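What follows is subunit A paired twice: with subunit B in the first complex and subunit C in the second.
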Partner chain A sequence: MSDTSWLSKFPQLERGDLIAIRKTLDGAYREFSRNYGDTIESLFDPLLTFLIWFEKLLIASPWWLTIGVILAIVYGASRSWKLCTGVLASLLAIGILGMWDDTMRTLSIITVCTLLSIGIGIPTGILMSRSNRAQAIVTPILDVMQTMPAFVYLIPVVMLLGIGKIPGVIAVIIYAVPPVIRLTNLGIRLVNKETLEAATAFGATAKQRLFGIQLPLAMPTIMAGINQTIMMALAMVVVASMIGVKGLGQPVLKSITNQYFTLGLFNGLAIVALAIIFDRVSQTYAKRTQKHLGGMNND
Partner chain B sequence: MTSLNKASTDLETLIEISGLYQVFGNKAKSVLPMVKAGKSKDEVLAETGHTVGLRDINLDVKRGEIFVIMGLSGSGKSTMIRHFNRLIDPTEGQIKVEGEDIMQLSDEELIQFRRHKMSMVFQHFGLMPHRTVLDNVAYGLAIQNVDKKERLASANQWLETVGLAGYGDQYPAQLSGGQQQRVGLARALCTNAEILLMDEAFSALDPLIRSEMQDQLIELQAKLKKTIIFITHDLDEALRIGDRIAILKDGILSQVGKPVDILLHPADDYVEAFVKDVNRARALNTQTLMQDIGNILGSQSVESAIHSLNENQQEYGFVSNQDGYQGVVTRVQLEQVAANDNAMDICCDELLIKVPSVSPDQSLQSAIPEALGHNFALPVTCEEGKLVGSIPRSEIAQVLES
Partner chain C sequence: MHKQTFVAGAMVLLSSASFAADSCGQVTIADMNWNSASLMANIDKYILEEGYGCEIELIPGDTMPTGASMIEKGEPDVAPEMWSNAMRDALQKGVDDKRLRFAGSSLSDGGEEGFWVPKYLVEMDSSLATIDGILKNPQLFKHPEDDSLGALYSCPAGWNCQISTQNLYVALGMEEAGFDIIDPGSSAGLSGSIARAYERGQGWLGYYWAPTAVLGKYEMVKVDFGSGIDEEHFTTCLTQEDCLDPRPSMWPPAPVKTMTTESFATREPAAYDYFTKRSFTNNKMNVLLAWMEFNQADGEIAAEYFLKNNEEMWTNWVSADVAAKIKASLN
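The block that comes next holds the complex of A and B.
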């Protein structure tokens, strides 16, 4: 009589085989990181130098100067005194509650992560919008990036680069870059066909169409993507602190392990305050610069 | 026909399209033999999933004419016009502009061709909402890297020509539909391209504005003498502005001809059904119905005039002297006067009935009131007052009736 146990129990691989697979993959990756880890790490040296410099700049500058610069940027982008007042109040509260240095650290890493995400995301989005094949390849990758638990891709990153700022930045970018890529692609694909056709009919080159028509008209959508990217980067701050990124995340982590409720709450609120500042400023900026588009965009 | 007719047959051919086929689908080339074998659009779609857009199009456009391509939605007219500047490439066929096959152009040459030879006006305007009206008009020059000052000056001038002076700093969203399309027109004119493609340019506008734009186009064309290819689904519009009209049905040209030919001699049932509901009085001008007047009376005596009328078996005659058309004299009246004074000149106020004349290029509709006040044929005079023909009342009745 043949063995019919596969009917009641899922026919899985033998334990020994599974262990062999794990061992082989782990071994191969460990071998890879041992051989190339240093080389790859050195590739990120310029970024690390910049990160350290930017963090030092924010912390070493007198607090009133930093606040002044931030307020100037906020006003320049939004032209709203109300928003400036709100930003000033939040920053003062953060400082008084003793979270200034950590907030500056988080601010620096978030700024760098956002800039890098935009730098990677917009060109990728443009590529996707120009080729259906590229879209078919990139979309599932983005799905993986967004749904894979962050801890899972932290493991290989840490194995390769150790603990510190760079792996933190990489983890944050992996988590935060998909929205800007997706929305850049979507925004360009939604640009009014006739407007684009008009540009072609007047003899515009591909480059002239991209920079003169597609990107400007996709900008409201791209801005929404950037906004989402910033929000997700901030949400990642606590997770990143687990691999040694200093900032508001570390006190939160500390309060989880030690059950310091108030410490966790304060630092959490500081993260929220940063998020709201980033969100409102970028939104008002987008709204202000795209007012004249009226109802005409994408109709 | 008189010399006043736009003698488009004399003009030089500017664009020549021959054997043009357009099949949409992944393997268009392989479906082509089937299309050529005469299978219908539906059959091809059912068998291969490919859509036949255009089928064996042959036409030529003369320099300086307004060539209208007319068809209902789905007839392939918008596809058709996009072949002229290769926004769509044909599956097979030749497109020659000034004898040069534009299918052979390289990418770079094609860009230059689009920049300098042709410009286009779109149904939904296709303006750039993020640029001001002035920048929109100057767009064609901007991508040619024309100096900013120069291109804005030129754009300003065209904006003024289309009647939008002072709107340059506004954004398209702030303008009404009609104004936006004027911007579209100014943008197309600003590159000084010789050929103007207009894809249902006025279809999205309401009737009053549309008619205003048509007038403006005709007026501009009289000055600029561009070659215009105009797409429309509106036969009235086609008849109004077209020097020649091509009627497109399911991707096949049904008829190409002058408005009068289309209206009075439709080539097939489809065209006939189309023109049936046209308001002919508005679509035709007096010139098309005008007949030669065999016998025109001059400055002569009553006696000789009676003689002349008798000879031609006329009840009345048109009188024209060196000052041009004067009026009508009837035989009955002449005979009454002849009893008293045989030698009297017929060019006098007592004898002449001042029947108003019409000009050859006014619409039949506007001439009807003139025809109702009397029982004579309607005299047609050219600008200098010279009598060029007349329209018998029976002719008017016949055209309006059928």
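The block that comes next holds the complex of A and C.
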């Protein structure tokens, strides 16, 4: 190498050093998964048992009972017969087109993922809104979670936890949780300062301010975050099926590799139908419970 | 006698004329996303650029999208390692419609498919190299979701081998023996599950194929079905979805071809001629893959390594003057 070569060519590490770095890190990860894989896997056992139980429950129940329960939940949340009719029609279409079992599998895993995402996301968002330092730490992590290509962490997770539901849930949550965190944080930060001052003047404690003012006033924004989380969780169904999660993703993969476009479209539409059901129900529920806020927020 | 010599002489003249015509234009080669194919693509790139004066562009690819694009769009020109069974009907139709050509076998022994178990299991109990031994021990191959079942990792969703795996599962009576089929979703998921089992010294049973970096890195033993290969039954029944009466058979060697588009073959006869000769044995490929794995090398570096160290192989694929040009460029 001549002395001035760094001017024309980026002075990169020697190939040997690069390989040494890559091999050391790979080796360290292997070592880690060999030593702690079993322990970490057993931590997730309760979740796995629950996932399997929930999936079996949805598949084993008679279809009319499942539809009945879903419709009851939909009506209870939305009080809208129109929405119920729409849900019933799409579920019947899914069943008639032969996708009932796969849809139930996807429904079970997505329900769990969404609930976990909300359970993780809202507290994290609240924490972020109360501390600028927390916000400074969490924001870049969320950026990584949303942009890191899923396969980069999928296969290492498979090495650690095996193939199937748990790595699938982890992948879906990594991808789907950021919107609810971001929008919870944003919603709380946007709550009117005067309102908070008034509450403080009346002697409200921090807890009362959070649950009585900040969260209710931020609810429309948080609901938008939950909506995005649901959509992203469903969008990950196909990626999750690449590590062996059963459900609507597998027929999509299968039909695409074989170029059965109609079959792919049907299963894709079933995913869309699930997404819309989830979304409409949660949104109408939120709207209904926030009627008293009419005029104070911008919807 | 005279006439024959004349014809032969004319053919030599003709072919040498086409070799001499140094008019190779732009050629696109699929750089498939697994090591052996990427190595071949880079070797082809080097030889065609330095030896034939082509302008090569490598295009990232995978069996299905590349195959479909070659049939429908004639792009890219060359797929260096095509496991043609994966989309046999579509490719055969492409050949019949004069859109594609199989230039030669990239792997002369053909690909080796089968059910595999880790070597350490066989060392523990040699009966585990046979299907009878495995059927008696489902508890060694733990199912991820149900402890009472054994697991057979199948071929990724949508691949042709998924059908044959399913049929063999029935034929070998694996369900009665307490095994369940697990769909790993993708080849990355499948190799991930092998890596996990191997790192922990656990049991693993499933479909895989060679030569691959995974089988180069993790030593596995191919399970003997004790049935031999019944090629007829395999192609007419085991690979078909509606196989009513599946009987056990080992996988016959899978054809692994170099595939080119018809337009490339007519446009660049000299380069096409090279592709008809370029071929590897499985042993050679395994050694190369192990070298790549050990050095975490990509196709480009491995291609250079191969060309520098295996002159006796690649000089057979090209004419003497082309070989001379390549040798000159390597030094």
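Following the convention adopted for this analysis, the second predicted complex is superposed on the first by the 294 of 299 C-alpha atoms of A that agree within 3 Å, B and C clash if a C-alpha of one lies under 4 Å from a C-alpha of the other, contacts with A are read in each partner's own complex, and residues count from 1 in each chain.
Following the convention adopted for this analysis, contacts are C-beta pairs under 8 Å (C-beta built on N, C-alpha and C of every residue); 3 or more make two chains touch, one makes a residue touch a chain.
These numbers come from a predicted model, not from an experiment.
Student: Just to be sure I read the superposition right, which of the two partners does A:207 touch: subunit B = first, subunit C = second, or both, or neither?
Tutor: neither
Student: Scan A:133 for contacts with subunit B and subunit C and give back first, second, both or neither.
Tutor: neither
Student: Considering only touches as defined above, state whether A:9 meets subunit B (first), subunit C (second), both or neither.
Tutor: After superposing on A, A:9 lies clear of both subunit B and subunit C.
Student: Quick one: classify A:154 as touching subunit B (first), subunit C (second), both or neither.
Tutor: It touches subunit C, and subunit B stays clear.
Student: Looking at A:34 after the superposition, I want to know if it touches subunit B, subunit C, both of them or none. Which is it: first, second, both, neither?
Tutor: The second partner, subunit C, only.
Student: Spot which of subunit B and subunit C makes contact with more residues of subunit A, would you?
Tutor: Looking at subunit A, the partner in contact with more of its residues is C.
Student: Give me the intersection of subunit A's contacts with subunit B and its contacts with subunit C, in residue numbers.
Tutor: none
Student: In the complex, go through subunit A and note every residue touching subunit B.
Tutor: 192, 194-195, 197-205, 208, 212-213, 216-217, 290, 292-297
Student: Quick one: in the complex, what on subunit C touches subunit A?
Tutor: Within the complex, subunit C touches subunit A at residues 64, 68, 90, 144-146, 153, 156-159, 162, 182-186, 188-189, 191-193, 195-196, 199-200, 295-296, 301.
Student: Using the touch rule from the top, collect the residues of subunit B that touch subunit A in their complex.
Tutor: Within the complex, subunit B contacts subunit A at residues 85, 87, 111-116, 118-120, 122-130, 139-140, 143-144, 171-174, 187, 191, 197.
Student: Given the complex with subunit C, which residues does subunit A contribute to the contact?
Tutor: 15, 19, 22-23, 26, 30, 33-34, 37-38, 48, 52, 151, 154-155, 158-160, 162-165, 241-246, 249-250, 253-259
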